[in-house]
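The letters A, B, C and D name the chains in turn, as written, and every chain counts its residues from 1.
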């Protein structure tokens, strides 16, 4: 019964010992472990990846974009289409003939942006569909939940869009990898730009989504701004999905604050921003300064929903299609040719994650997760957008340049919503992995 | 006064809005007797019964049953003391079978107001079932025991009501127009049943319009008009009482 | 044993039920549902729905907050894993009992009202639990991320006996990991137990009193019954079922998230019950199965799987068929579910079980003498 | 003082929205006795009337961005602006208020079609079945909207002239920081107007009289030989229009998406039930009460005393009211109590 998966630990001990030695030639290794790890494709002609994205609920459009990116990635890995980033990424082991000669197939599932549903969906992929890797998702709660599930199951998880420090901080896992940046990096990137634009003497008022991601972002941004010399007037928690935020915005008016920081994402961000602008906050003068709004995490898809209101608002993003480096261009070009519109940052992250996984397998010469993890840990690459990038071994967080963007005042097209203000170099956003605690665990 | 007083209604007042439904009503019901309450429509007869079973709280006055004060008690507590009521418009459990309808009150008198018994099987309750079947066949419903009660004729529903009251073997049975809407034959059959119970010594209060029924059953009659008792006595006394005649006829003229 | 006595007919039903549940991994395989996680979900939500039906089906009180008990059960079970032992027995017991205690409090208050007022009271309590669990109670619930079992949790009892834990602790019963198929069989055993208890309640005088309360509560009070304790007991029993279902969720997957308590989760069990047939014994389980099947299988079908499925057709027809079907699968699974609700209510009033028995009756054209429907039907 | 004034105003504003959304629901509850879980979907459809109208009005000539070749990047210039110049720009600017003109007949038609096609078969069915069918319908409607418009919210701004905030403080001699968005004030006035119109209609027309009688005692009205059915159809239509208008006018405050109805559904049920079943006045007062309390519970000073109170205030108030007043604020005996 190949479905009985969770009892693998005892069985795998010997395999792990061999892996630690790590000297055997790849063909030998593959055969030696033929039965030893979860969903081993064995001698089959194909390998199955699980794309677990939100298909219903508030992030359905983002999920749809993630899925498009994955489908494109599968095409490119299998040697169809124009190859996309396969042409620009270095170093690269992929040959455009699938992974280790096996054709890549995929299964999809709906996370519903709920941890329970996401885990159920991931379990289906593992138990029923024989997926050897799970990837995707559009919230940190889901990412952390699925990551720990995959760790237990011995399946590699390549996180999709997740921005909380926890994913590669206190909840990091040996089997989980994050390409997306995090709240700390947002803060570190945003700090100097905020100082340059708005000076050192500011009073910030935070509205924060009342859950884990919101809190870590609030903390990160607060640390950054307070280091600049800004004061924090208040940090107010708002219920997730409040819809109407007016009752939280009215107290901002006479709080004496001159900066409003919205630690909201998705629909909450659209609503709170739209409403804050309606309350005249963007045109207000406080303490003889122009009142400003900052949205630390921007997403182009979501920015569409806020319409005109994002103009001139600063924030950060992992990636934007307007980047001109070769990797981004190649990806945008093949995505645009395939679907007729540019990819979102979620699409970029997911595409890259799929490629990185496939490449790691090819490099390791096996699908055996511990070997793949070894190949991914500390992997340095370029040509996938955002310049030279490293998957840090200590916490499985990708380090690369971070974009500080602002809402475009004068867009040249319907997709041209965000304008890159500054590409913050990687060195500026790096941090000591110890600050967030957590423990990767081991590969067994 | 010969017998033991079972039910004692004293100085009961009740107004609805501005309408005086009961005013200073005093009534004593003797043990073992059948006491009829008659009066024109709107005289307050049903209100009086409702006060007795705890459905309506009187503005003033008390009702005592065997020395226990009923006013302020919950309807189920009053029933548990041994007062059962047969409703004028059938208050049955329409989705349940006829047999179930009768078994339920039997459980109430056996188990009290609450018993947590999910681990006995209904099919094991043969005693209660036999009792219910007996009462039903007594009332001529023996051939309908498995029918859904909601689909019975109105007359049959009234008899089912009666069965539900009788199976509890109450000390006091309050009957609200037990034969209204019945055919002559059914009425006579009900009268017969009630006479048979009377022989067993159950105390009954009957509200009735049908004088045939009243005079065949009642030991004592009280006449209620505009919320007040205007006459009380043996059937023969009431028949000749001019005040009663006026209340009925006068009421008719207005 | 008197406690296990059943009528001949019920005994057969029970036997068939046990056989059907235990063979689920086999007969669900062809329709793609024969894998442990979904099988566990069928059993767990079946149990949840049976319990909900004891309240709603028997008494007619529509609770819109039952997910709160599911959540309480889950959190308690995970805490039991964290503090006491990785054994599932204390987890399930604590989960069920604590959910029962919550049910006593919420039920005692909510049952002071009837009808929609009762529904909204239960909804309000559950929503408060959910909102608190998501935000201010994060120290207890771990908020959005969900409460998880960690290796360095104290686990007093395990520590006492020196039980070693894996890197990732997993619920176990006498040394068997409660994940995968063993987990399913454990849930299935609980489902069978729950079904048996429900069957006994349906066939007991107590069950009859509950049905009578549903039919005519006023009359019950004049018949000498204090209806409140009956209702409260029914409420607590069904809350405990929910708590047990919640703790089983934690057993098979040691994580408890706040969204289990959201009103949509409460609404889901209402829909399951109505879909299968309110007041029937197997209906709610059927309803639970259908909704979970749609959620997990229909949502996973994408265009390429469809193309594979209709590969045998000529290309042009294949494309047409796929174009017609694809809006209803994958990200359109909600659409199918919604349509299914509407269609079933219109064509099978009374839910699946009632509808099926009606159709059967029409075909067999039996005499109408004993056409008892509703509460006592299987 | 300024802060209190602002929170009161904000509470009224929220309350107006709640009352307006709950109004249609309670009308359907009270007269038809139907538990309409599709009411939120009607609200959402109303909002999407505005979106559709905006799409129609801004149908654009697409001027291609030649620098990008691999996808269709263009700048849009609406035909209305091309044809009518400034007038066109103004028309587009006023798209949300103008879409009311479209929303009324469309929502009325949707309401009538829903009632005739589906709801009317469920008057005599159990509440459970009503819930299942209307919930199913709501999901179907949502998914249809999602397939046309996607899942992301769509910006639908208010007209430029009322996009900013009014300096209310100056009016009442308060501080400069007492400002409030024009559009929210308009929404408050608008909800007052609609509520008043519905009340006046029920109070002063013979049709309204029959409906009110039907709310009080349905069988009675039927016995009088009045065709209650047709009136019910119209009542449902009115409820749909009211829900739709609430949706249209809400779009500048909350960019609409397909799921917005579900998010308001629970809230509107709570408002209706706290107000008391079968009472329009109750629903309206409950709307304002809950709005104001929610606004105050969100003040930092209050949250400092009771953390998280803003999250649960609505439900807490609902519990307290339902426990102290058996039928909500103004509910009538016997409506939806079994």
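The working rule: contacts are C-beta pairs under 8 Å (C-beta built on N, C-alpha and C of every residue); 3 or more make two chains touch, one makes a residue touch a chain.
All values derive from a computational prediction rather than experimental measurement.
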Study note, to complete from the structure: Minus chain C, the contact groups are A, D | B
**Study point:** Intersection of the contact lists for chain A and chain C
**Key:** D
Revision key, fill the gap. Ranking chains by how close their C-alpha centroid sits to the total C-alpha centroid puts first chain C
Practice item. Could you put a whole-Å number on the gap between the CA centroids of chain A and chain B? Key: 76
Exercise for review: Express in whole angstrom the distance between the two chain centres, defined as the mean CA positions of chain C and chain D.
Suggested key: 34
Exercise for review: Between chain B and chain D, tell me the centre distance in angstrom, where each centre is the average of that chain's C-alpha atoms.
Suggested key: 52
Study note, to complete from the structure: Separation of the C-alpha centres, chain A versus chain D, in whole Å, is 36
Review point. Residue numbers in chain D touching 2 or more other chains?
Key: 311
Check your understanding: By residue number and range, which residues of chain C touch two or more other chains?
Key -> 131, 134-135, 334
Revision key, fill the gap. Multi-chain contacts in chain B, i.e. residues touching at least two other chains, fall at none
Exercise for review: Spell out all pairs of chains that touch, sorted by label.
Suggested key: A-C, A-D, B-C, C-D
Review point. Contact residues on chain C for chain B in the complex?
Key: 3, 5-7, 197, 200-201, 203-209, 211-212, 214-216, 218-227, 229-230, 233, 237, 369-372, 374-375
Revision key, fill the gap. In the complex, the residues of chain A that touch chain C are 1, 3-7, 9, 55-56, 60, 63-64, 67, 106-110, 114-117, 119-121, 123-124, 127-129, 140-141, 144-145, 148-149, 151-152, 166, 171, 210-213, 237, 239-240, 441-442, 444
Review point. Which of the residues in chain A end up touching chain D in this complex?
Key: 56-61, 64, 210, 234, 236-239, 241, 243-244, 246-248, 250-251, 253-254, 267, 270-271, 274-275, 278-280, 283, 301-302, 304-309, 332-337, 339-342, 411-416
Point to revise | Contacting residues of chain D [partner chain C, same complex] | key: 35, 118, 121-122, 125-129, 131-133, 135-140, 142-144, 147, 262, 266, 269-270, 273-274, 277, 307-308, 311-312, 315-316, 318-319, 322-323, 326-328, 331, 336-338
Practice item. Under the touch definition given earlier, write down the residues of chain C that touch chain D in their complex. Key: 56, 60, 62, 109, 112-117, 119-121, 123-125, 127-128, 131-132, 134-136, 217, 263-264, 267, 270-271, 274-275, 278, 327, 332, 334-335, 337-342, 344-346, 349-350
